[in-house]
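Let me begin by handing over the structure; questions about it come next.
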Amino acid sequence: MTTLLQLFSVAAISAGAFFFFAGTVGLLRFPDSLTRLHALTKADNLGLGLVVLGLLPRAENTLSALKLLVIWALVLLSGASTAQLIGRALRRGRK
Amino acid sequence: MTPSVLAGLTGAALVGLGLYGLILHPHPLRKLLAFNLIGSGVFLVFGIVARRGAAAGFRFDPVPQAMVITGIVVAFAASAIAVALILRLSMESRNVTLDPEVWTRPNGGDAT
Amino acid sequence: MSVLPVLDVVLASLVIGVALFTITARDLFASVVGYVAYGLLLAFVWIRLYAPDVALTEAAVGSGVTGVLLITAGKRLGALKNAAPEMRPGLSLKILTGALAALVAGALGTAILMLPDPPPSLAPEAAAAASGAGAGLENPITAVLMSYRSFDTMLEKIVLILAVVGVWSVGADKAWGRAPAPLRQSRPYAPMVLLARTLAPVGVLIGIHIFWTGADAPGGAFQGGALLAAMWMVTMMARLAGPPRIDAQWLRMAMVAGPAVFLVTGLAGGVLAGSFFAYPPGIAKPIILAIEAFMVLSIATALPMLVVGPPSERPDQ
Amino acid sequence: MNELLLAAAGLIVLTVAIGLARILRGPTDVERLMAVQLLGTGGIAALLLIAYATNVPGVEDVALGLALLAPFATIAFINLLDADQGDAEV
């Protein structure tokens, strides 16, 4: 692994960890359930994406790298659609 | 403390917690849940034997691990049977508790 | 100082904390949510014990499918918050039970701290058996499951079938042969349909992949089959498919296929290779993979059948 | 380098732990559902980091399984809540 790639890996993983931190801060500080859901789904998905990006240069082979990307894609898909479902359930519950 | 000992102690604590819930919860589904907690605690205790028994060039002992995998599936099958029995019980009696006092009360004494 | 021990302690306390929540939560729903989260956390502990195979099984069967089983049961009972105050145990009983539980946990913990070092292990024996009969399998766990302890694995498949028979037989006589009640009655919300439509094909692919790599890498028939089962249940929960009638020929064939093929191969081994469940050297790996393929089929059909429960009297119920 | 991965994993596990404590407290059932979501994303990230740092092979497959199972559980919970509220169509 070249120094440049290593630097990139470190930067991406640190940024990812930061976004997870930001997501949890939002979770603790935001006033109601819908905004908390927002903090959770947006920030954490970005954080996971950055972590995956940072791990890519360390992947054993192409297949592992591809799997990492598929993991992120799956989490994005399920995060987006389950956020819709949870949000709807929240709104129905309030009525 | 090595990770395996820590995991083993965690497993022991889980067995204790599960036992507590199993005895105290009146709702059969909660009892089942607590029982599953005991099960996973036992698997953990079993699993650290796998880690401690690292020999023969493995990083772990594959025999207990393979048996834990089998055990998880069997535990699920047993849970499924238990759920079916609980559902049938509630259908027959309109009651979901295992509390004997409720059972002996006239009119079934609806639990809700 | 390393970060890893700290991480382990945080992880262990997190597992115990969530388990505590599961036990003490007021209602069933919160408790089941806690249980699913607990199962996912336990998967991390297994990763720390270098047991990715167990981690995957725990996440798929122990947490995911068991969680859905309990949720479905809670839904059918229709009463989620039904612990009447009169049934709440008294303080003295709580203290007594707590003491008993602490005693058991303490004894178990002491036993763990006093385990012999180096501990006895079957690993060398298993390694010999694996390199002898299960030749070509890089994943020692698959070698143990399919060769060293193959008898256990076959009986465990039979246990699954017995469990399905047990669940079915609990249903009403009138309902025999009908389909179990669907997992969702009303029209699902659009994002759920989208999610199920996209997730299921990808999940089936991943399930088959995990089965296939199981010979050499973490994974195998159990994990692959459990993922396939989960994907079938996703389509049922989004009302894209209903549960099949329990007298469907294909369903019964698929469920029996795994143990049947396993048994036949075992008997053939007795005739051709000298002992029960001995595989002829050289072609052991293809044979094991073939058995595993049928096992995947059996697991993928038996697990959802265990979750959807006995046949239902009214087709709409 | 591995220590850095573990430090990042530690931070994520810690934030997930705090988030879990916050969410599981409720007050509503729906809010508790987010716990599964939180573990789905944060958990997978921590899992990958720990496994890469400690050289556990084939961990991508475990993470793939987790990524499939988190929405699976959520759909089941949503179905239950819908049934609780009359299973009405919207």
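Order of writing sets the chain letters: A, B, C and D. Residues in each chain are counted from 1.
In this text, a contact is a pair of C-beta atoms (placed from the backbone, for glycine too) under 8 Å apart; a residue touches a chain by one contact, two chains touch by 3 or more.
This structure is a prediction, so every number in the text was calculated from the model and none was measured.
Quick one: name the chains whose C-beta contact count is the highest of any pair.
B-C
When the C-alpha atoms of chain B and chain D are each averaged to a single point, how far apart are the two points in Å?
Chain B and chain D have C-alpha centres separated by 22 Å.
Quick one: report the Å distance separating chain A from chain B, using the average Cα coordinate of each chain.
That gives a centre separation of 32 Å.
What whole-number Å value describes the gap between the mean CA coordinates of chain A and chain C?
27
Do you know which chain B residues sit against two or more other chains?
none
What positions in chain C touch 2 or more of the other chains?
As it turns out, chain C has residues touching two or more other chains at 4, 32, 48, 50, 72, 74, 189, 192, 195, 199, 202, 206.
Can you list the chain D residues in contact with two or more other chains?
16, 29, 33, 40, 57, 61, 64, 68, 70-71, 75, 78, 82, 90
For each chain, which other chains does it touch, given as pairs?
By the stated definition, chains touch in these pairs: A-C, A-D, B-C, C-D.
Which residues, counting only chain D, touch chain A once they are in their complex?
1, 4-5, 8, 11-12, 15-16, 18-19, 22-23, 28-31, 33-34, 37-38, 40-42, 44-45, 48-49, 52, 57, 60-61, 63-64, 67-68, 70-71, 74-75, 78, 81-82, 85, 90
Note which residues of chain C are touching chain A in the complex, please.
Touching chain A from chain C are residues 189, 191-192, 194-195, 198-199, 202, 206.
In the complex of these two chains, what residues of chain C are touching chain B?
Interface residues on chain C, with respect to chain B: 4-5, 8-9, 12, 15-16, 19-20, 22-23, 28, 31-32, 35, 38-39, 42, 45-46, 48-51, 53-54, 57-58, 61-62, 65-66, 69-70, 72-74, 76-77, 79, 82-84, 87-89, 93-94, 97-98, 100-102, 104-106, 108-109, 112-113, 115, 117-124, 126-127, 130, 140-141, 143-145, 148-149, 152-153, 156, 159-160, 162-163, 166-167, 170-171, 220, 222, 226, 299, 303, 306-307, 309-310.
For the complex, which residues does chain C have touching chain D?
These residues of chain C touch chain D: 2-4, 6-7, 10-11, 14, 17-18, 21, 27, 29-30, 32-34, 36-37, 40-41, 43-44, 47-48, 50, 52, 55-56, 59-60, 63-64, 67-68, 71-72, 74-75, 80, 183-187, 189, 192, 195-196, 199, 202-203, 206, 209-210, 213, 217-219, 223, 227, 230-231, 233-234, 237-238.
Can you list the chain D residues touching chain C in their complex?
Result: residues 3, 6-7, 9-10, 13-14, 16-17, 20-21, 24, 26, 29, 32-33, 35-36, 39-40, 43, 46-47, 50-51, 53-54, 56-59, 61-62, 64-66, 68-73, 75-80, 82-84, 87-90 of chain D touch chain C.
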